[in-house]
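Each chain carries a letter (A, B, C and D) given by its place in the written order, and its residues are counted from 1.
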């Protein structure tokens, strides 16, 4: 599928950055789920550009639910969210229509869509579409929360500056604090350092990348659909669709590839009548299936391609070399804003997997979830 | 889907390590493709355990094609490959049936399949299933080759030992050499170092991880299906299903997250009437769509969980703590053998995407591939 | 899938009869297709209730395209159509909320959605949703038309009154006339008879069923995806989702089951350098694949369940027997209005199949469509 | 999909009539289901040609399960059934390779697969593939049986000869008798009449069609996935893929289209604390969802195209007119043999829908199945 994602909780995405509206349909929801529109708005807020570290573009991002909810609860039919685009300055993009912005989708998309794509503001490739992901994700986060499953992320790095690691002994507290934050780090001093670095890059008409580390707690064991729909496969499929993400790690990731087996293995123990692992290098996943330990995922974000510095490029209509000076309003760093998109996407994937897990329940009397 | 993968070239995987046979169905192939069974056998050979760096288990891995081929050419109907399991020592696994091997799927799978899974040799979770992936991948690699698209990988690292980087000025030559190798590195001295490290780990009854770097050349631009089926999404979905893979990078990956935009961007140029980028930090992909430059992917493999050292674990039937000493035959390192599985999976994903790319051709007279 | 349909042209449907809006997303369209909004409106008009043979409910049915079109042409990204519900009288439904209307979805839906469904006007089960099908179908009919493929239907029967058969010697003319009609028959006298029967049923506070016969001309041969996605499978899947349809025939259908093979077979002939069949009992399809002859499909529609006569029923909340007198505005017959829905659904299915047909083109140089 | 079918119970079909083997993979089964190989053999037997009313071809049809079963129970991974083709007389087909047999797939398939299809015995289009459907169906029928859901069919007609109707007062008894029959009718005298008609057609080197009526009892209410995956949509999709089926009816089908609403409606009643309908014109389905009453489906089968009489046809290689005299071994009637294929397909569809029904259970605590 292309703009459709998910086997038993299916998201259909639509919209262009400068079109009338963006939005999404969610099909496959249970009926009777309470929709908390305040929580949706709170999540949308984490995505908005704010302050000197973000773009000057202001979006109201109000979500209108036009189907699938009746008297506050899901009906079980398609739930459709529409977000009207209200702050469009299209003329910024007229002059550069056929110029391929480096690291942007302009050229590759022209080969895919043959020049009919909506070029304004990146069209369907704009980060604006992530607003619809966040709205869907908000609903999924609440569904997970109703089962005690919690998701939270922190900005692990901006450039070469690194945040602290999670402290499992106070993890609930840390997750709550992160979920109430806009620039979400574990360490406040490091947060200041990071924001100053972003401002410096902006002054240089440049941009900087970063990374997000996500933890999910209280996931039931046994979730995942090998061979091909392992938990890692589904989550990475979702994360890599977000755009700007260039690498994904699970558990200790790359570090694990340098370890010996005796160091990397997570021994099992019975603790308080429950199965746990003594360490968690695997990040809560064995053989593509959850084992009940916290899931750890890291997503790496490349620096925003749109910078104000002069760049070499081409005009792909005339096939000539050109220089490019980008106008419009662009973020020097999107890592802090993409965090809630990552939380949302992971929540969407988990809900789909939890629903898929149930497909074998009917004929297997022994399975209880 | 679970054991079914792909939208327009669909693979169905089946088999348990110690069952009668493993295999795969490929649905959606064009008719009239010549099936080179010698090439399939050559690919299977790269996956086999050989020498002192691998397990003592010998498998013949003969592929029988039982449908979908007539007089040497594909018919366009389901092509089914069957590989009989001929070297099974099941008794190695009897004693440890209910013991959860650390970092293995035993426990998580018991929660998913409730104790009915075939525990012998890892059952459906065994690396044996990758033999079927390699057989399918061989057919896909030939399909790509018929269009001039080439795939090759080298062992980028074993533990902390790193191979040289690709040299784009002699890349075709390097790719050919790798595709004729079993322990595939660019630098022969480093190859020796790596193999000695693996032997050392084996002597210590331990194991070691590594990484594989893959390059794909001559991919047409415009391949990819945003929003959700970006090239990275599809390829990572496939790679993370292989098992033992804990991280995936595209282009400069994690390094890119530490860069500034001015350094990370790939400026476009017209060269010999073709659009190229001066650098290739993005690894041939912009906005989820190929831009014609070589695709670069890196996969990180954790150390083999099955080690002969004594380990702490549990019996998940009786819910008691136990110690575990694994018998059977296990590889101290699988990185060199998993390389052809990675090539195969990437080839399968690319073929599916190339076929999907064509779905809009009929109604759009302007598109030519 | 549930509210999502199609492999390479995917429709996502949403909306409740008395919710804010109904609509659909179309994903997988080629880019560069001209969207004729006048034609969409013309098709919507065929679905509206008019005159004494239909319900008194008036709907404006204006389609707003909020994504996927730029400067009049498709962009190749998701095209979303929204139709606002503007003529809602919800109070008609309050009193009968928990009463199961005979032959309606009230009871079965309550078992599926557990009482959370939107009961007003049939909610998601209302015929209103077919307005979105017609909008999508209009776009698909134009796509087919651009390739010379034509679709048209006539009301084959209302109750026991039957229209004439198609006359293949003047079929183009007949199809054009039908596509410009509201109450679409081949014979005008029979049209009058049918409409009088409908008015009689309305006077008796009753309803009547009918059937629609559809012909598709100039379909290329070779379209269909056996085993499971034969042309008949896909088309019947679409038709039976419409609601109120209780039977579907292809070619001579049931009559063929009573024939001998010598009478039923369609001999092949070369005519003007083209392959044709002398007869067309099979309705243009052999082995699930088109053979180039006109496709013939017949859909049978049950009488509208909502009648004003008093009926026995139950209250499924209190589990007691009740009598029911339906209020609201209901059609005595929907056959003439469902005709354009059937045309639309068949067009959607054909476009999906034509796009799917192309998936094997890339690797098979010999195939030309 | 093409040779892949089902959302949460997925069948992959493979094989050519004269290839090495035919078979199927079933993915998505619950673990722990007992596989009764005797019952599978019993079902396969109903499909075999027997006596003077069938072809002289003898097939052993032994099913080998090569994966997905361990110690007699499903593991929850892909279950693969292989049936070796052991009675092939390929030379019968050499001479007629490029001649398009009337009403067969030869010509249309040549347009789809461009001459690379396996023409021997109809290749992938042969009725032999239905043996794999019956094997999968046997497993599904047992799964349904474990929940008290029963499926049975009778031959409703051969040519113009009609069997009795079901008698709901003794339906269990009737269903058991049918499921133990080969030539399955309700009335033994009519059975004789039918078989004599078939023998007469054979003497005339001709063939005859028929119809099958199926009943399913004890289906839970609430099964079905509107909008697009209504029960009728899924079942008709499966039935129309079988080949030779030209029409499908649900409930009173075509007869309903001639009724008034007051006659066609099924009033609800509470009976013994359960919701029933007084009549069952709708065949157990309202709004695409089951209501708990027996499901009634009728499938109409065209006469076998392969007759020994001389027929006009073409050579589609040379594009010339030809006459055709078919050799080989062909059934004068397949209706009695196709009955178990229809039972199987309906069982497969129901199991997929029952598993899909569960996908919303996890997040909706109130739903109980």
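Going forward, contacts are C-beta pairs under 8 Å (C-beta built on N, C-alpha and C of every residue); 3 or more make two chains touch, one makes a residue touch a chain.
What you are looking at is a predicted structure, and each value in this text was computed from that prediction instead of being measured.
Chemist: What are the mutual neighbours of subunit A and subunit D in this structure?
Modeler: Expected: B, C.
Chemist: Which chain's mean C-alpha position is the greatest distance from subunit B's?
Modeler: Farthest chain from subunit B, going by C-alpha centroids: C.
Chemist: At what distance in angstrom does the C-alpha mean of subunit C lie from that of subunit A?
Modeler: 39
Chemist: At what distance in angstrom does the C-alpha mean of subunit B lie from that of subunit A?
Modeler: Subunit A and subunit B have C-alpha centres separated by 26 Å.
Chemist: Quick check on subunit D: which residues sit in contact with 2+ other chains?
Modeler: Each of 1-4, 7, 13, 28, 31-32, 76-77, 112, 114, 124, 226, 357, 364, 366-367 in subunit D touches at least two other chains.
Chemist: For subunit B, which residues count as touching subunit C in their complex?
Modeler: 7-9, 28-33, 76, 143, 146-147, 226, 351, 354-364, 366-367, 369
Chemist: Can you list the subunit B residues touching subunit D in their complex?
Modeler: The contact residues of subunit B facing subunit D are 1-4, 10, 12-16, 19-23, 25, 27-28, 31-32, 64, 66-68, 70, 73-80, 82, 112-118, 123-124.
Chemist: Going by the contact rule at the top, pick out the subunit B residues touching subunit A in the complex.
Modeler: 1-5, 7, 11, 13, 100, 102-112, 114, 124-125, 129, 157, 159-160, 201, 204, 206-211, 220-230, 232-234, 236-238, 240-241, 243, 245-254, 256-262, 264-270, 273, 275, 277-278, 281-283, 285-292, 300-307, 309, 311-314, 316, 319-321, 357, 364, 366-367
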